[in-house]
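In what follows, structures are represented as structure tokens.
Look at the two complexes coming up: chain A is in both, with chain B in one and chain C in the other.
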Partner chain A sequence: MNTEFLDYEGPEEPELQIPEGWESRAPEGWEWQTLWEAVETGDHIYTDERVRESIEMGIDPRVILDDGLFPGFNLQADRFSAMVIFIPEMLITARAMKAGLALIRPLLAAQAEKPIGTFVIGTVLGDMHDIGQSIVTIMLENAGFNVINLGTDVHPDKFIETALNEKADLVGFSALLSTTVYYQKVTIEEFQNAGHREKVKILIGGAPTSPEWAEECGADGWGKDAVQAVRLALKLVETPREVWA
Partner chain B sequence: MSTTLNLIRGQATTLELEIPQPKLDGILKIQGYKNLEKVRKVIRASALTARDKFIEKTKPVVSYRIVNVHSVDSNGAVLGNGIHLQSEIFKQYLSQSVEAVVFVLTVGREIDEQTIQWMDEEKLVEALFLESAAWLGVEDATKQFVLMVRSWAMQQSMRMTRRLGPGYSYPIDGKQVMWDLTDQKPLFDLVDDPDMPVRLLESAAMLPKMSRSGLFGLIPT
Partner chain C sequence: MKELLPRERFARAVRHEKVDRVPLLYRMKSEAKEKIARIYGITKTGTGMKHNPELELRLGNDAIIYQIGINAQFSHRPIKIGETWYNHFGVGYGKSGLKGRTPEEHEEFTKTQDFWGPAKVVPENFPNFHPITSMEDLKNYTWPDPADPELLDPIRTLLEEYQDEYFIIVDLSSTLIEAAYAHVVGTQNFFLYMFDQPELIDGVLDGLTEYYTQLGKNVIDLGIDMIRVGDDVGAQQSMMISPLQWRQLAKPRFQYMFDEFRKSNNDIFIKLHSCGDYSPIIGDMIELGVDLSGLMQPTGGNKNQVELKKMFGKDIAFIGGFDVQRLLPRGQVEQVRQGVCDVMKNLAVDGGYIFSPSHYILADVPIQNIFAMLEAQRDFGTYGKYPLN
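So, the complex of A and B:
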């Protein structure tokens, strides 16, 4: 098995990537600059206001997302990967992004636009650490995943049952203790024993983990941090796998 | 609250410690901020909220016991009532010790509860900084305990070894050697205090999460 992980290969000082041809998708005289900055700086109040205005102007929700929200979010994600900013800034950007998404998501659903995929996440059996996986959860939601967060101390059977019921595309489990990383391997083995291993892509992460450990476990991917985990999830969700019955 | 240690050989004691006052800059540094001048106001404000909440909620306590060191070899050490701790590190760090102070320390369960509450309220930045403040709080509480043990040890004509804890590695002959986290169980058995406000899970994780366990060897001077 080839376990994947991504290293950031972008510039040391990332810049805002302005969506090509955005003017042609917006009403005349419209600007996105203030929304890009609001998401970048984590101004969730302005983000909420501007997204409401965009909806009232009749802009397509997919356009609001791609042209209005993602540029500021992606800039911060790149800065985080380049270690220009740290987790707190990434989180306040994620909160602003979430405020905008809360308004857009029902509209996308009404257009029959589905989430990118379903991601079941949790901390392995015996491990009570929760902040890390909560950070990954908000980042995955912002990227367009339907996320089911099972919390901490999750038994392998619970991961399997939820993946089965939700027809999950991806499953991710973190471990923060040297004594609990073992359960990442056990959980993957249980997916195998239950006959569901080829139906999901499995990502692991957590402080004591490494690409080598992920390979040994039989995971499909290893997330160095929340941003890289999301990028990896976006890649893995596109890869072929068996379908749920 | 106490600043002097009442160490009666063989008897377990649980003691309240002084409330740690973690520094804002320290909390920010844990999250990677080296140039503190450039930290944005909103980030600084969240860190300050978390620090103040930590000070309001923390109840630092240590449970400890002084036990005999019966034997030390390359496989481990036998302490107290014949409890075996397994690691190569003891040959290097505990072989001169005749006694050891075993301890379990926590900054309190209310920190865990507040972290969960903030996560439920989607105040992840504050929750993150609270963990950082609590980490510094554990450091501070440990330091308070070390000073008390050191003072007591000097009165007994003894000196302390460095702190050793399960789940950490220590240098031996240029290599890092681990004391496995699974030894939390025998370490807790050594402290064995019914008043101890820390629970050990099967996985060796401690609850409250912001807790620390370990031992100091005591060497006659």
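So, the complex of A and C:
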């Protein structure tokens, strides 16, 4: 039976990208392989142990993040995007990554390393779906964003109030029902009415959404999946905006 | 071909036999149903376990579908602000869209929902309490009664009143993986426990299999025509879990369930439903002896209807495939008409097809699009005429 058309039409199965010259940034005889595998297979307990150990060894937190945590995570993110793995595997990898990040983030902050930008995210009013936006949140955090997740069923006023208080660079809202995508449009209009639309870039996503809908509702971008959403966020954060007062 | 009785038309189509026209099955959520019913002057618009088929039969449905699964009550039930309502599984449900809002504000809020035509959207009901999240919970849990007269008695009435003319389907959705993640265990919990506590997932799925097998056998014994097993494992672009995981967790349990159903009645028709993209497991459905597969959501991964029909269409009948995500709620009348024609061309040629939107008609669908769909399905759904000549 020909099942070819069911397969993902894209690149070959992604491979682990080993960070170039990692040996020179680690103590003598150090290895990251087991941590890469732990993040890949979602072993959050081992990830936590190894990150603690790395911090105790005095390895730079930025190095732990880039050389220790990202390779396994990026591999799974690419596999997820290529539909080689599915939501459960992505979730446990995200959980492992979160365990490592929780230890590293305070150290990065202490080094005065600034987040790339502030991203306010949530699911629109009337909609309780949150798996997709939870994955996007963790991936944005990995990419260096300060992310404020407002959860599900978020009123437009709440998005605006938070964006204002946090001086957000980007705002993203997800909707999973054809009846709730309408609130993506409403929320954007409310940003407009409040006079804050030009201060943030707005991304939307969710099953019934599309690039056409993003344009129609006045968003700045649309992510097909979590990986695309993060790429887009990295691009949009660089574009000029009105500054918050 | 002479005009067939609806019951005969539906059964023949599932068996890939010749029919006069493509059989129909429309389903609506209560807001949409009330909206359409007003036009026909129909006042009995019950949905879920209070289903009244009058409107659907008026629109041309050949089958009557009655729900008794875990989804039957919650999604059709009015739940008050701040109320958590518990069903017979002990799962709690509340309403979205109301966080911190007063009843007056809610009233005002629902009034402003007239968009994309004369629709009134009320916030959806969502599960907010999951009864089994530990082995301890599982050990102390009592599964519902599969012989509950509240579930079975309305089916007797339905059979007496309608089966002479119409095809009777009883819907057990959601039945297995979906019942576990969406209701009993919780979605994120379910995916994490697959790795952290596989014995808990096995225990919950075994409990659901046993309950639904017995419930299914009880309704089959009443003399229904088709049992519908609904289990959402498809996401928009791919499956939610891998096909491999589905084959480990779901397939053997469905095999047991369907074998038991056939022991009760060897001729029972079995429908297996999933939302989203489930194309990687259509071959498995055929191996399980499933007669009808739907709802062929065309906007995500399984949009290649022509290929799906070519590959699997001889071994399994299809239902659905007409886009409810974008086309039906937001398309222009001409696009809706063309969409119906395309689906008929893709899936109805050579039979083995039942026309249906790829899910419930929701409140956001404008009336003119519903009528465009009804008209197009009459125009393009007759065998011997374009495009089914």
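We adopt the following convention: the second predicted complex is superposed on the first by the 235 of 245 C-alpha atoms of A that agree within 3 Å, B and C clash if a C-alpha of one lies under 4 Å from a C-alpha of the other, contacts with A are read in each partner's own complex, and residues count from 1 in each chain.
One rule holds in what follows: contacts are C-beta pairs under 8 Å (C-beta built on N, C-alpha and C of every residue); 3 or more make two chains touch, one makes a residue touch a chain.
Just so it is clear, the model here is predicted, and its values are computed rather than measured.
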Chain B versus chain C on the shared chain A, clash or fit?
clash
Just checking: does A:N146 make contact with chain B only, chain C only, both, or neither of them? Give me first, second, both or neither.
neither
Can A:G42 be said to touch chain B (first), chain C (second), both, or neither?
both
Please work out whether A:D225 is in contact with chain B alone, chain C alone, both, or neither, and reply first, second, both or neither.
second
Contacts for A:I135 in the overlay, against chain B (first) and chain C (second): which applies, first, second, both or neither?
first
Touched partner set for A:T34, first chain B, second chain C, both or neither:
neither
For the three-chain arrangement built by superposition, which of chain B and chain C touches the greater number of chain A residues?
C
Overlap of chain B and chain C contacts on chain A, residues 42, 83, 86-89, 91-92, 95, 125-128, 131, 134, 177-180
Note which residues of chain C are touching chain A in the complex, please.
96-99, 115-116, 121, 123-124, 126, 187-188, 191-192, 194-195, 235-242, 245, 276, 279-280, 283, 299-300, 304, 307, 311, 324-326, 329-330, 362-364
Touching residues on chain A, where the partner in the complex is chain C
1-3, 5-6, 42, 83, 85-89, 91-92, 95, 125-128, 131, 134, 152-153, 155, 177-180, 182, 207-208, 210, 213, 224-225
Complex contacts: residues of chain A adjacent to chain B
41-42, 83, 86-89, 91-92, 94-95, 98, 125-131, 134-135, 138, 177-180
Using the touch definition up top, name the residues of chain B that touch chain A in the complex.
31-33, 40, 42-43, 46-47, 115-116, 119, 122, 124-125, 127-129, 131, 167, 178, 180-182, 201-205, 207, 209
